[in-house]
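Two complexes are shown next, each including subunit A; its partner changes from subunit B in the first to subunit C in the second.
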Partner chain A sequence: MLRILAAALLGLVPAHLVYAETAADPLQSPVWNDLARKTFGDAAVVFDGRVKVTVPAIVENQAQVPVSADARGLANVERLIVLTDLNPIQHVLTITPAQSKAEAYISFRLKIEQATPVRAAALTSDGVWHVGGVFLEAAGGGCSSPAMARGDADWTATLGNAQGKVWRQADGTARLRLRVRHPMDTGLAKDNTPAFFIEKFDVKGASGDPLATVEMFEPVAEDPTITLSIKPAASDASINIDGRDNNGNIYRSVVPAPWNQSALTTTSGH
Partner chain B sequence: MPVTIDTPPDPHDPSDPQRRQLLRLAAAAFVAPLLPMFTAHAAPLTYDLKPVKLDDGAWMIGGRQEAITFENGGAIANITILDSSEGAIIIDTGPSRRFGEELATLARTLTGKDIARVYLTHFHPDHVFGNQGFEAGKIAAPAGVIKGLQELGNGFSDAMYYIARDWMRGTEVILPSVTVTEGIEDIGGRRLRLLPRAGHTGADLALFEEKSGLLIAGDLAFLDRAPTTPHANLATWRNTLDELSAIDCKLLVPGHGPAESSTRAITQTRDWLTAIESIIVRCFEQGLDMTEAMQAELPAGFASIALARYEFTRSVMHLYPALEASKLPGVGKRSN
Partner chain C sequence: MKSLKWLATASVLALSVCAAPAFADVSIEDIVNDAKTTNDVVTAGLGGQAQRYSPLKSVNKDNVGGLVPAWAMSLGGEKMRGQESQPLVKDGVMYITGSYSRIWAIDVKTGRELWQYDHRLPEGILPCCDVVNRGAALVGKTVVFGTLDAKLVSLDQKTGKVVWTKEIDDFKGGYSYTASPLIVPSKAHGPLIVTGVSGGEFGIVGRVEARKAETGDLVWSRPTIEGHVGTLNGKPSTMTGDKVNASWPGDLWKTGGGATWLGGTYDSDTNLIFMGTGNPAPWNSHMRPGDNKWSCSRIALDPETGDIKWGYQTTPNDGWDFDGVNEVVAFDADGKKLAATADRNGFFYVLDRTNGKYVNATPFVEKITWAKEIGKDGRPVYNADNRPGDPKGSKDGKKGTEVFAIPSFLGGKNQQPMAYSPDTKLFYVPANEWGMNIHNEPVTYKKGAAYLGAGFTIKPTFEDHIGALKAIDPATGKIVWQNNNKAPLWGGVLTTGGGLVFYGTPEGELKAVDDATGKELWSFNTGSGVVAPPITWEQDGEQMVTVISGWGGAVPLWGGEVAKTVANLNQGGMVWTFKLPKKVAAK
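Now for the complex of A and B:
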């Protein structure tokens, strides 16, 4: 299997030899073959360690599990998707960088209904999906618990309130963090609340040039808090985000992107 | 040199997985030829509680300096038993029904009397899920502990069953019937100063027994084991620690870690809280995401503290959301 994989990566065998079901799933998920067929169709799929998913070793809150999906080790990523094999809703989100204006990276919080593989799949311009992932150990219930907002009679007063910040970095990329108040109801909760979730963020420079699109689904945690690595123009004084939920509500955010923000330092310790 | 009272060395040292594996294999090899049909059935689980004497008529059952695992059955918190002329006084009941029942039997054996009173220091499951070993009418806790257990108990129960599995068999959430308020309670010659405080959770109980000079701090104090923060308010916690450090105690029993004649547990807990808060705030201000902040370097001095990385990781998850909510600038509102 490893030989096939390595050969595929070197382009020595035709892509059709590495369909997902031909290579054993490193996470040994019972549903992987079905999920892969449904998600990737006939496209070539390889398991690739350069696509990294980071989750904590312990889950504190099944409704708010921090996850990073990172395919920055690959060139020419056209799309990055996050999947959870054993969640009732498997497709978590898709990020599509606009013309290399964003890196293949996203951090966010995930709801999980039970312990599950969490995967990222990066589509490169040659049409191959590169899949990496980890198994997330946890007790369940994150998808079928009502949103915290449902315990707050005034939740509509804060619905859509957005907070954010841009950190410009020396290498020309910028880190964008955006948090929007939203219950992100899955429709599966015991209180019978229908699905109600933000389904899209269009991230643009101040001039309107697209940087990235993030499509989100029900498993993204309440009050979605995402971190992206984007490449705005030096002249962009802000990053503008147009969001929309499945009930047609519109959320517009303008995040200042000045040059005088302190850059990320290389180490976080000391 | 301060006096340290710790748990005796454990022959099944769970910190050594290789040894554990060997023991398990050896046990399996020994049993297999004898019971070919029943090898899948383990011996009945037992906590085999080992009381350590703290003082005349006072014992501690030391918790393992570990996270809750199946191997330790959740027995990670310190439990205190005090003798009195009216009966045994128990502080915290442990992680499961099985533990609570073994604890009640042990307390009756040690004191030769029935149970007079059970106090709960806070609502975390490793301290209160043994309540079924006792009459609810004998169990006392501050109102906030009762409320917290009522609200969060079933969620804790799910997590405990998931991790500790068969150790939890038959365990249910039992709420205390007696509400503790600030003051002194005399029970059979024991004089207990009850100190309902907060910080580790929204409702913590520390007890100072004036006759013996024992300060039982619950999880307001940890020693040589990283403090946990899922329901903590760090500023309140530090204030409470300042107050506790002024008590002239003979022996301090932390919620986790050895009992000592010094107040090292208080100092260490406060230092830990201050350090992790400053690291986490700095990570946040640098723009790091939670999964990156979890990998931040920890001070060298933390190397001797059990579960330092594990609890730091948890604390990132506990503290980051509040930082985001309070410190990220507003950038937009709903537009329709």
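Now for the complex of A and C:
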């Protein structure tokens, strides 16, 4: 296998067979080849140090692990995805900037079932996936434990309640942070709760111009808390986020985007 | 090596894609004509009129004894409660719902699951009578079903992904949804999804609603209780009844009940939606002298506006929980457009379906105590001493006089649908012979709390049986034959051009009997109680029969003495599909 890989790198086998044969995995994951094939098909894949994943050195809560995926070192990123090799559900989320209206960056919180590589993969406009990642050491169980909401007498009362804030930056970007109350059930907990998770946030300017789309899956932690770097128009007085979960519930949040620092603002609705 | 392996996988994938079912839109014509098309079942009731009759006859009296399972599929999980769902079949795909608001698509050739959607239910749902669902509806590219937290969910037939979700009402107020939605045509709004509401024991006000099939947007709403005003296109429309309080005292109409929990049927001949309405609230009838319209009634609605075209009340001033929800089945006889319904109150009614006028009514269960008969004016002739007494008349004011009444509040017939054969001109009614001790207690309304004001316990009328499948001649009310069953019948009935009547029992059997005599010709033990209606259709030239097995429903929860007859029945959740082996079919 190693020999074939080397040959592929030297261009000695036809290009269309290279798809699953990425270079040796720096994280030495037992499932990387299968995961890469499933995720990238026959697209070209390179390991690239400019795609950075940041995780804490010590995991305090395997149901809420802070993760940053950052591919701002690359130009022309069309999509950024986050993968966890050894989670029962490997694909965590995908962020798609709308015509460079958002940077290739996301921070969020992750559930992990066991210690695993956490990777980010950025698709650049030349069709190449650039992959970076780290190995996250942790105790397990984050995906198969019931959500905290399960212990709540009535989680539907707060479902979809949102908090958000926008910080305008001097370089024209803006940092958006949003938290929406949602159990984000994986469907894997032994209490038989079915999968129930927000599957999409459409982030738009006040006028409705799309800025970015975030697709999410079950491993995103309960009460999803995401941070994006967006590029709203100067005239956008607010950022509108339309969310939807896999049960078809709609969540709409409006976060003020003033030029001066705003107080923490709470919005809600579902 | 690696690339070879990959190629092999790819070719297997290509093969399964070729064999995958072809999904075509379910048009409103498909829905209206469902009773005539034998290669699919796209409506609850095998046609809007809900006759549950299929003209198929390749399985018939001569060969039904050879029926064998083609496949079975488990509903899985630890959520095996009552399965009351009627399957739907279109283009080789079966759509079924199950307990705890779950829905599946299954490949009918292999019995393999194509997709499953589990609705995330809040912990605080308030279903009165088990966590059941009675089936989905197909329209366009979508399949629609209701949930126990009172939502209507539309899913893509192909993928099982949610297209839209609409809240029917707040589950915390006692609302839930268990019926199969009804699809009806309309000129002004296109295909409509018509639904009722569940929650009759929690003081809700029943209503019928119509939504656009594509978006779920509400078109009209029709409250069932006199004095409440409906809506059309977002604006107030007409009031139900002629005036507020015509048949209600004081403010009780505001929490008057009349839940439309069993859904409805649609008759394209008269272009009317027939809905049944539940008991008035609270149960204590002395608190609400008057007819209490339109509780315990059948109402006919105009699909364009939701206006009530006619109403017929089976139990005015109900005091026994005789919900009038049971299905209205349209049929024609002697050139007349008629409809029949087998009421909870034990009488089998025939009405003129063009105007709701009473034609006749006869008892279909034995020893009815609450009424002597149904008079020529269509009103019951009450036995005054069989109405549970007013607690105010008692010494301490806490308990009214107790009576023993037949039928019990679970009814001569409950949710299990009957069938009509145009061949034999008989109705096949899954009936139950039981009565109840019942008394009234004082009660006040509190949102989301049970609003009964009654105590009750059920007792069988006979020692050896409760259930009885009865073949009824609607012209005379005569019971032509009956098959008794020890446990109460809670599944529905199917009849076919092959001269067969199919029905299930809580003991677990799916049976086929002779439609003329009731003689048992075939029986199969499904492993758990059957409380759902069977269907039949033709797949690639073979007649298939499907029923879902899974014991549960209201009987084990409310059954009193009756619970003994069902104590050893275990829960389950299995879809069974039967056909004839090819050599038997060829005989």
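Assume the second predicted complex is superposed on the first by the 240 of 270 C-alpha atoms of A that agree within 3 Å, B and C clash if a C-alpha of one lies under 4 Å from a C-alpha of the other, contacts with A are read in each partner's own complex, and residues count from 1 in each chain.
Going forward, contacts are C-beta pairs under 8 Å (C-beta built on N, C-alpha and C of every residue); 3 or more make two chains touch, one makes a residue touch a chain.
Bear in mind that the values here come from a model prediction, so they are computed numbers and not experimental data.
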Which superposed partner A:155 touches (first subunit B, second subunit C, both, neither): second
Greater residue coverage of subunit A in the superposed arrangement, subunit B or subunit C: B
Partner chain(s) touched by A:207 [first = subunit B, second = subunit C, both, neither]: neither
Partner chain(s) touched by A:66 [first = subunit B, second = subunit C, both, neither]: first
Contacts of A:183 with subunit B and subunit C, given as first, second, both or neither: second
Partner chain(s) touched by A:249 [first = subunit B, second = subunit C, both, neither]: both
First (subunit B), second (subunit C), both or neither touched by A:196: second
Doubly contacted subunit A residues - partners subunit C and subunit B: 248-249
Residues of subunit C that touch subunit A when the two form their complex: 2-3, 6, 77-79, 102, 118-120, 122-124, 149, 151, 153-154, 161-165, 172
Partner subunit C, residues of subunit A touching it in the complex: 1, 4, 17, 20-21, 37, 150, 153-156, 183, 185, 187, 192-196, 246-249
Partner subunit B, residues of subunit A touching it in the complex: 54-58, 60-61, 64, 66-68, 107, 138-141, 159-165, 167, 175, 177-180, 225, 227, 241, 248-256, 262, 264-265, 267-270
Residue ranges of subunit B touching subunit A (in the complex, touch as defined): 67, 158-159, 162-163, 230, 279, 282-283, 285-298, 310, 313-314, 317-318, 320-321, 324-325, 328-336
